[in-house]
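For reference, chains read A, B and C in written order, and residue numbers begin at 1 within each chain.
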Amino acid sequence: MDLSAIDPVVLIASLMVAATPILLAAIGELVVEKSGVLNLGVEGMMITGAICGFAIAVETGSPTFGFLAAMVGGAALSLIFGVLTQVLMSNQVATGLALTLFGLGLSALIGQGYVGLKPPATGQLDLGPLSDIPVLGRILFSHDLVVYVSLALIVGVWAGLKYTRAGLILRAVGENHEAAHALGYKVVRIRLMAIAFGGACAGLGGAYLSLIRVPQWTEGMTAGAGWIALAIVVFASWKPVRVLLGAYLFGGVTVLQLNLQAAGLAVPVEVLSMSPYLITILVLVIMSADRGRAALSAPASLGKSFHASS
Amino acid sequence: MTSLLTVEGLTKAYPGVVANDHVSFDIAQGEVHALLGENGAGKSTLVKMIYGLVTPDSGHMTLRGAPYTPAEPRAARAAGVAMVFQHFSLFDALNVAENIALGMENPPPMRQLAARIRTVSETYGLPLSPDRLVGGLSAGERQRVEIIRCLLQDPKLLIMDEPTSVLTPQEVEILFATLRRLSAEGTAILYISHKLEEIRSLCDRATVLRLGKVVDSCNPREKSAAELAEMMVGAKLVAPSRAGGDLGDVVLEVAGLTLPAATPFGTTLRDISFSVRAGEILGIGGVAGNGQDELLSALSGEAHAAPDSVRLKGQSIGALGPSHRRRIAVLAAPEERLGHAAAPDMSLTENALLTGAIREGLAARGFLKWPAARAFAEKVIETFDVRTPGPGNAARSLSGGNLQKFVIGREVLQRPEVLVVNQPTWGVDASAAAAIRQSLLDLAETGTAVVVISQDLDELMEISDRFAALNEGRLSPPRPAVGLSMEEIGLMMGGAHDMEVAHVAE
Amino acid sequence: MIRLEKRPSPSRLWTVATPVLAVALTMIAGGLLFAALGKDPVAAIRTIFWDPLFNEQFAAYSRPQLLVKAGPLILIAIGLSLGFRAGIWNIGAEGQYIIGALSGAGVGLAFYPMEAWFIFPLMVLAGGLGGWAWAMIPAILKTRFRTNEILVSLLLVYVAEQILASMSLGLMRNPEGGGFPGSRNLQQYPSAANTELFAGTGVHWGVVAGFVAVILAYVLLNRHMLGFQIRLAGQSPRAARFAGVNPNALVVFCLGVSGALAGMAGLFEVSGPAGQVSIDFNQGYGFTAIIVAFLGRLHPVGILLAGLLMALTYIGGELAQFMLGVPAAAIQAFQGMLLFFLLGVDVLSNYRVRLGKREVA
């Protein structure tokens, strides 16, 4: 075993890359859950985004179009969930599961002709002299645009929820949809918009996997990333900045275990491979054990169907 | 006086009921106008139409001479109509200022809004701190949030739906002072209530609704409460009667009952002590959210307390669960009918089984006896005159009054030694309420110790032998109900005490 | 405009009719999907739903396969349906299935090459225990720490898959397998084999267990207090506590039963149709069973029918793949679509659709 092969600077830089897909999906899901909707279909939307982005990027030769297509694909899929749960009032848990199962099938179907192809490369953003700063430059200023988009999204969602009227209304709808309705807010419309936003974020996250992180298309390539994103929202107690923390923690574990596998640590590969999932469970347990806080920060209407009956 | 709002021939039908049938009346500027009627008379539908939450099937309204057809609450607010809901449209996890901003069209920046909240709330004698979380406020304070939300928009018409149901008598006085002041400043108030004395002391005019129709209109100050009641109900009501037998030994004894809150915005029960004798009815009053639900849970066995804090004839039962308590004839009927006392989507037979399985022998070694359960449900339906096509119907298909009769009847027929009920006649029409009260009196007659938790003071005065009040999770020492004045009752409920605290905390 | 109006009581008619309607809608939408893929939609639908049962050429092979595939689906779905009814969401049946298979196969392999009557029953027991134990992880975390059982049970699937990989490459690898991954073939070890009980029917012990589970679940839900409590807890958790139901006990029971049944299903599969522990012997039955449970409206008899239908789409899908070149993934999308339509039309059992002026409310 050779631990000295692991360079901490590279490790941190690559953990940001490893964390970005989950970060994107999680921040989208946070907005959805803040509006009072539990969409368990993140995995399905991510994998759909992964293939949509991959296919369009390959066909057009432009990763940018690929990312846009991934967002559209994720949002379109999420709106199936939206219509079913918001208009037809189906059970959110069941519908979210259906979305995941359907997304896995659909993506495999679309992806038939794309197995084994290489996508067009996404260039890293040219930040000029910034990326030449020792250590910091390598860690912070040598990434592709999507990494910065994901960070901007975190800040944007945080500020939006805290300081804007739209954010206040979104929180209100998630807290008590009956009261929001009584005040004249369009609960269903607001939730559909949140769901579509969540879908677009998950799609973008998926495309980041297939276009940058891996980069190629394989069936089921998200391998639970969507579920981990859901867990991170709980871990973060529905706070955007803690989503960042959670996703980077997870990214760190992933990258570290891959590095340890490469370094030939005397632990079975399978144990290292399962460690991200086990650590996610552990973190979930720690967070949920603190009952009072968990109950206080979860949106009160989360997962409940709304029907304007009056 | 010039007319502010005129309502002409408003009609609104729902499947199976005509909620409003050609309702016409008008409100003058600066007038305090009462809308009087029983539960289900159509008051809520009417004000929802005025507030733009419901679109009328036919009829029209004019506001200050111009046609008024609010398509949504936003339009109503823009036209100067504001409403304080009975079930507050508030958000527990948001603070006071955020809650108020949500009810405004173009709220100023938060800091400015906070300052205005302070000013307006001081001006109208309703002190309120803008950055407190609403979930932590008392019912009276929550109402203030609603009122201030309305006042910040300079309404011409303020609609108040049953505003005093959550207030102590002292708090009611403070509210009335605010309303009188508003009225003097030219704001009209549409005041919805079924409490006759309040209407007589506050309102200039009253429109009486019965079964969706306007049946009368009068100056309430010129009528007696009895006359108003007759207009409202359409028949003379017979007050429940009781023979007043002798009380037996102490059956239920609660001593030093303390229970931490189960939810973030729940109430902690603190050192509660009382005892109830066989044949006695103990009335427990108090404003909503002072520990009523928690006390019922501790007595029904849903919440576990220290074993010795609850005793049945000397036997410690505080740590027993609901099934154990049923076995020893300690029964309960919680406030929330749909979802707590009964499962909405289940049939009445299944709901009979819900609490009746043990005492009525509806299961043998875990296997259910459906015919017996059905027979028990039918017995409840028949004995308590529950209006329903049959026990196979879902609980949610029943009206509030009928379901409540079923819920109370289900427990009464199981021959309890102790029966605890919370809000037994909440949202129930007058005849069903009278029947329920009579059944509780009859039950006490047979030697059951009855605890009635209620926010309806008139009800408690009518049926209780002794009265105590819950205030912030503490129970006042019980006193004989006969001869208690409203003033004394209000003080037992905490007076306007919590409001003063809010003031000091500024 | 169309608006929805809540029914006073759920409609009995629609409760039964909605799954049929959903299947019909899925056939139409599926036909469009196949047409989009350049296949003849009528031929594709016929190949999936008709040919496996009634085409002379395939029926001899397909009909027994129907029960072979439906058996595990029904067995797992019955377990899941209990939890789903109580609002306890075990979506990690796939993991419990894998662990059950590993535990059961492990017992069998430990006895190799001894021949005894008790080996297979022991394996079934071990399979059930393995699945039960795996399901106890989310159950205990939920009751002790209120950790969300949906996420934990699902994440444990990935952990189980890693264990499976480790086992088929390591501990359970066939020492006489020439270094290939995968265990000994249990079909060739008579005491451990889950054989076809009646020649040509496809009925093996797993199918029998599935039928027994249907009957027991029916009795439990309709005749027993525990079943009543399960239904009550799912519909109104607060009323359930008032009725004296212990929510934690229910979590342990529902997750335990569904885990044990999924574990047994895994064992029946690994000792029967699959034959050996290999890195990909699991076919996603644990996930498809979720669709089966909902399609059967969480009702035991409904699940029986839904399990058969879903098995048909598997077999018909293979046939369509073979005959028409319809990709395997299309069938997966097709199954997902079926669940969508079912959830969508479900609204009809609780709401009436009205045409007319829309209310602001």
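We adopt the following convention: a contact is a pair of C-beta atoms (placed from the backbone, for glycine too) under 8 Å apart; a residue touches a chain by one contact, two chains touch by 3 or more.
Note that the structure is a prediction, hence the values are computed from the model and not measured.
Participant: Farthest chain from chain A, comparing Cα centres?
Facilitator: It is B whose centre lies farthest from that of chain A.
Participant: Looking only at C-beta pair counts, which chain-chain interface has the most contacts?
Facilitator: Pair with the most C-beta pairs in contact: A-C.
Participant: I'd like the Å distance between the centres of chain A and chain B, where a centre is the mean of that chain's Cα atoms.
Facilitator: 45
Participant: Centroid from C-alpha atoms only, then distance chain A to chain C, rounded to Å. What do you get?
Facilitator: 28
Participant: Between chain B and chain C, what is the separation of their C-alpha centroids in Å?
Facilitator: Centres of chain B and chain C (C-alpha means) sit 47 Å apart.
Participant: Out of chain B, which residues touch more than one other chain, so two or more?
Facilitator: Where chain B meets two or more other chains at a single residue, that happens at 48, 52-54, 72.
Participant: Which positions in chain C are in touch with at least two other chains?
Facilitator: Answer for chain C, listing residues that touch two or more other chains: 359, 361.
Participant: Two or more other chains in contact with one residue: find those residues in chain A.
Facilitator: 310
Participant: Under the stated contact criterion, what part of chain B meets chain A in this complex?
Facilitator: Those residues of chain B that touch chain A are 48, 52-54, 72-74, 77, 85, 88-94, 98, 101-103, 107, 263-264.
Participant: Help me check something: in the complex, which residues belonging to chain A touch chain B?
Facilitator: 165, 168-169, 171-172, 175-176, 178-180, 182-185, 292, 295-296, 299-300, 310
Participant: Considering the complex alone, what residue numbers of chain C touch chain A?
Facilitator: Listed in rising order, the residues are 4, 6, 37, 84, 89, 91, 141, 144-148, 150-152, 154-159, 162-163, 165-166, 170, 287, 290-291, 294, 327-337, 339-340, 343-344, 346-347, 350-351, 359, 361.
Participant: Across the complex, what residues on chain A touch chain C?
Facilitator: Interface residues on the chain A side: 40, 80, 83-84, 88-91, 93-95, 97-99, 101-109, 111-112, 181, 219, 223-224, 227-228, 230-231, 234, 268, 270-271, 273-274, 277-278, 280-281, 284-285, 288-289, 291, 294, 307-310.
Participant: Write out the stretch or stretches of chain B touching chain C in their complex.
Facilitator: 15, 48, 52-55, 71-72, 300-302, 321-323, 326, 332, 334, 336, 339-346, 350, 353-355, 357, 363, 366-368, 393-394, 396-397
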